[in-house]
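Lettered A, B, C and D in written order, each chain numbered from 1.
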Amino acid sequence: MHRERFYTLTASCPDRSGIIARVTGFIAANQGWILESSFHSDPGLDGEAARYFMRIEVRADSLSFPLAEFRERFAPIAAELQMDWKISDSAEKKRVVVLVSKQEHCLYDLLARWQSKELDIEIPCVISNHDTFKGFVEWHGIPFHHVPVTADNKAAAYAEVQRLFEDARGDTMVLARYMQILSPDLCKAYPARILNIHHSFLPSFVGAKPYHQAYQRGVKLIGATCHYVTADLDQGPIVEQDVIRIDHSDSPDDMVRYGKDIEKTVLARGLRYHLEDRVLVHGNKTVVFR
Amino acid sequence: MHRERFYTLTASCPDRSGIIARVTGFIAANQGWILESSFHSDPGLDGEAARYFMRIEVRADSLSFPLAEFRERFAPIAAELQMDWKISDSAEKKRVVVLVSKQEHCLYDLLARWQSKELDIEIPCVISNHDTFKGFVEWHGIPFHHVPVTADNKAAAYAEVQRLFEDARGDTMVLARYMQILSPDLCKAYPARILNIHHSFLPSFVGAKPYHQAYQRGVKLIGATCHYVTADLDQGPIVEQDVIRIDHSDSPDDMVRYGKDIEKTVLARGLRYHLEDRVLVHGNKTVVFR
Amino acid sequence: MHRERFYTLTASCPDRSGIIARVTGFIAANQGWILESSFHSDPGLDGEAARYFMRIEVRADSLSFPLAEFRERFAPIAAELQMDWKISDSAEKKRVVVLVSKQEHCLYDLLARWQSKELDIEIPCVISNHDTFKGFVEWHGIPFHHVPVTADNKAAAYAEVQRLFEDARGDTMVLARYMQILSPDLCKAYPARILNIHHSFLPSFVGAKPYHQAYQRGVKLIGATCHYVTADLDQGPIVEQDVIRIDHSDSPDDMVRYGKDIEKTVLARGLRYHLEDRVLVHGNKTVVFR
Amino acid sequence: MHRERFYTLTASCPDRSGIIARVTGFIAANQGWILESSFHSDPGLDGEAARYFMRIEVRADSLSFPLAEFRERFAPIAAELQMDWKISDSAEKKRVVVLVSKQEHCLYDLLARWQSKELDIEIPCVISNHDTFKGFVEWHGIPFHHVPVTADNKAAAYAEVQRLFEDARGDTMVLARYMQILSPDLCKAYPARILNIHHSFLPSFVGAKPYHQAYQRGVKLIGATCHYVTADLDQGPIVEQDVIRIDHSDSPDDMVRYGKDIEKTVLARGLRYHLEDRVLVHGNKTVVFR
């Protein structure tokens, strides 16, 4: 992460020759100083077309015009290359709404990173189906919304979550061990904007009680997976994963405890990649420019 | 691994108080010097009975009698404790029959460890459904048997494999990337004596082409699993696993290449645990006293 | 970690035959139910005498007498075996005094684990040379002591730290990124009772600014080390270590950020081992019964 | 690694704006299809000048001219940008001379990768100060040179090594656990062309018997380091490192055995990066475009 203000251009387009030259040529012609750049050509399997992905950081003060004009001038090039693209400004803090239930580890971890500006974001509010962390969150000066979810009120509850997210002008929703399954409508409303941490090394142990499933199968490592939420439970594009070694002496409760350490770390890494526009979605997979 | 000759007692029994005292008391009463000892109490989940596991290494020259007499004298104690037990002698080299197809990495790795006595075993023969490594194996002074397997001759082929294994007085059969599925009969003939290396982090990606499955799912780590072979494909008790990080730039071919490095390492570790009697099977799981 | 109340016996003694039988025989004779047991024989290098280490958990309600009587009855056996030994009661919560400076990650992490009872300890107070976390700590209902340390007041400051630790009846002092070097007297007052987290993979990069040292040397992994504090800076017995991969694109600031994730995890693991009496010191090394 | 023939351009130069555009513009203007590209800007610490690094793979058949003409046409651009640069052809196999002593693991590992074309290189010869592996190497059809090194013949021995390397038209020399210290002259003759595997996580445990040093210090992880050889023992630029967990029960001999597994893996990874021109040296550090 750079200290100077910079713009981050991310884009994908059909692969062809000359893409980098076309994009960096435009930037160079306008005196843009590139801080960091990453490129990836996905060849496509089984007859899919090859697709090109890129991420470029340009120092804001090196360009001879502001961001709005960049967008305007770059649009014809992007159109010519048939790009999906966007450009963001490091000076605009991302607004991250955190959803949590009764487990503390991801919430404490995110607030510690926020408190120290390691994660330089706004947290406009925390939403929970329990009030366990109301005092803790509010002590940090962050509004806390208790939205209980029951078998009967799901539709209303998720409508309320969506309303709170919209009111907060949220960029990203983070499910920090939020133990409810979001409605398909909510998932579809924010593609690649809702991050979940699942407590297994997906695709192993989808669904409930993955550590108990892991215990029953007798695996020698357990894991955690940060992924974008889609309407298919635990099937969304994977952003980050990690594992930790266990052995026969570890009970399911021990696994829960070990698992917390990788859950919070994997979620924080995945969230950082997302916030720095390092994650580009490609079908049900991700390109992550670390 | 100790240099002195030693006996390794492994046992499991219903849990109760006084087991260690009973067993180590017997050893102490006969002047046995314990080099290494491991104990584990499995509490049992969901109403299963608790079970106790142990592994004890006793210096051979410390005992006042030979192994046969140990077996005779210990039998009443084992009976009283309702033990499944065995005792092995480090002076008797284990006889490991290796099955291989056309991939080199596990075979070279095992022969390197055998050549240097890092694995202090006998390899009475190598069996393959291809003749790719005939020259390489025979150069090492190890007999090589080419047993082709086709759609039509499976029963005869596996009968031949079993005959060769019996003729070689094999203790353990190692499938070192042997790309055929053994017959259920063969699997059942040697419970907890056939080790396989599967090229995924089980239970993810069972069956064929796991790296392609991993590529399609977009996972961020790939793995390998060493397990005992049972009649259920890729479902046997897991002995050892490990993973390695990949990213979006890695093709299935890249994964195959990375995977080789963990496959051979995981197989070698699993095999060593097995040969040193560190693996005790408990239902479809293992206790591994590392 | 078991749910039932239990006693943990830890001991080391000169190696000889019959130690396990003697100790577990005593426990069995008194109906003690062993939950978990670990043994290790250190052979000694270069003519050192071999030494034996053990850790045994006994269910409290299985014994026919209370802890005090255990101590009394076991003492002659311990004397006979020339043991260094102690026995602790899981019902008595350990009292952990946390020292911190201005970095948040270890403090938030420890308080999260304490809040959820994942670490089932008392934190009688937090001591800091800055007042950064006064509000945060006090919000949790934990007393906070601001003890500034300057070039001129070191002796007085450390005397005050020691007084606060004694007043709090502390069992263990944890330096959770406390950026001051304790006085030799303080170190010597509490052998194997002060845990520090050093932000390098020791013995590499002793002293100040280890991440900058790592950057200069161009290493490909950075690490963290949890060790007991002795009067020799960063030279005490190592309890736990871990590493994380970096690459050429990571600045020292990036390393600081990555490093935080392993620092807090390694400190938490090391602290847990210590609190569960899993760490036995042997010269300048540790035996850790995980 | 791509299947099509391609050229790999690697370069470094003082950082300025427009570098990528200049280089990729040249490639695009000549119809070059970029398969893979990596860029890195090193900001320089403490007043050093910023430096730019790049690696670009261009499909050979996409260019309208052959490699020699690429070199000629690109030279003025490289001069203008003050570049250190080179371009290699994937169709020209690298020639790797392997030096070995009496340990088998790295040699078997490299020959397995060579045999299967996982490493698509020529091994024109193996040189050793012992004749242990003469038969094994020659069985593979590779010439084996026994060059004994004694206290008295070092100058002559290293002169002979150099002569053999030159005669073999070697590109790279690999010290695959070669237990002799090359002469400073030999080191200087081939900067960034001699790869060594050191059996510790450098900078810890420089010099002889690093596993014994690790044992004495009581570390909880041991490592291996692949680095370019310079005249300063174990001080050259680090290419790749990895570690493995050990514990108190592991003797120095156990560490030697565990270490072998990471040594061969780290050496193979470092060698692959080197052979694919992914390693650019920057002072005493490396940029590794994985």
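Note that a contact is a pair of C-beta atoms (placed from the backbone, for glycine too) under 8 Å apart; a residue touches a chain by one contact, two chains touch by 3 or more.
Keep in mind the model is a prediction, meaning the values are calculated, not measured.
S.K.: Minus chain B, work out the clusters of chains still connected through touching contacts.
M.R.: one piece
S.K.: Which chain's centre, taken as the mean of its Cα atoms, is farthest from the centre of chain D?
M.R.: Taking each chain's C-alpha mean as its centre, the farthest from chain D is C.
S.K.: Approximately how many whole Å separate the CA-defined centres of chain A and chain C?
M.R.: 36
S.K.: What whole-number Å value describes the gap between the mean CA coordinates of chain C and chain D?
M.R.: Chain centroid spacing, chain C to chain D, equals 41 Å.
S.K.: Send over the residues of chain A in touch with two or more other chains.
M.R.: Residues 36, 249 of chain A touch two or more partner chains.
S.K.: Can you list the residues on chain D that touch chain B in the complex?
M.R.: 1, 36, 103-105, 107-109, 111-113, 115-116, 118, 135-136, 139, 249, 253-254, 257, 260-261, 265, 268
S.K.: If you look only at chain B, which of its residues touch chain C in the complex?
M.R.: 17-18, 20-22, 24-25, 27-29, 31-39, 41, 62, 245
S.K.: Taking the complex as given, what residues does chain D use to touch chain C?
M.R.: Answer in residue numbers: 40, 42-43, 45, 201-205, 215-221, 223, 237-243, 247-249, 251-252, 282, 284-288, 290.
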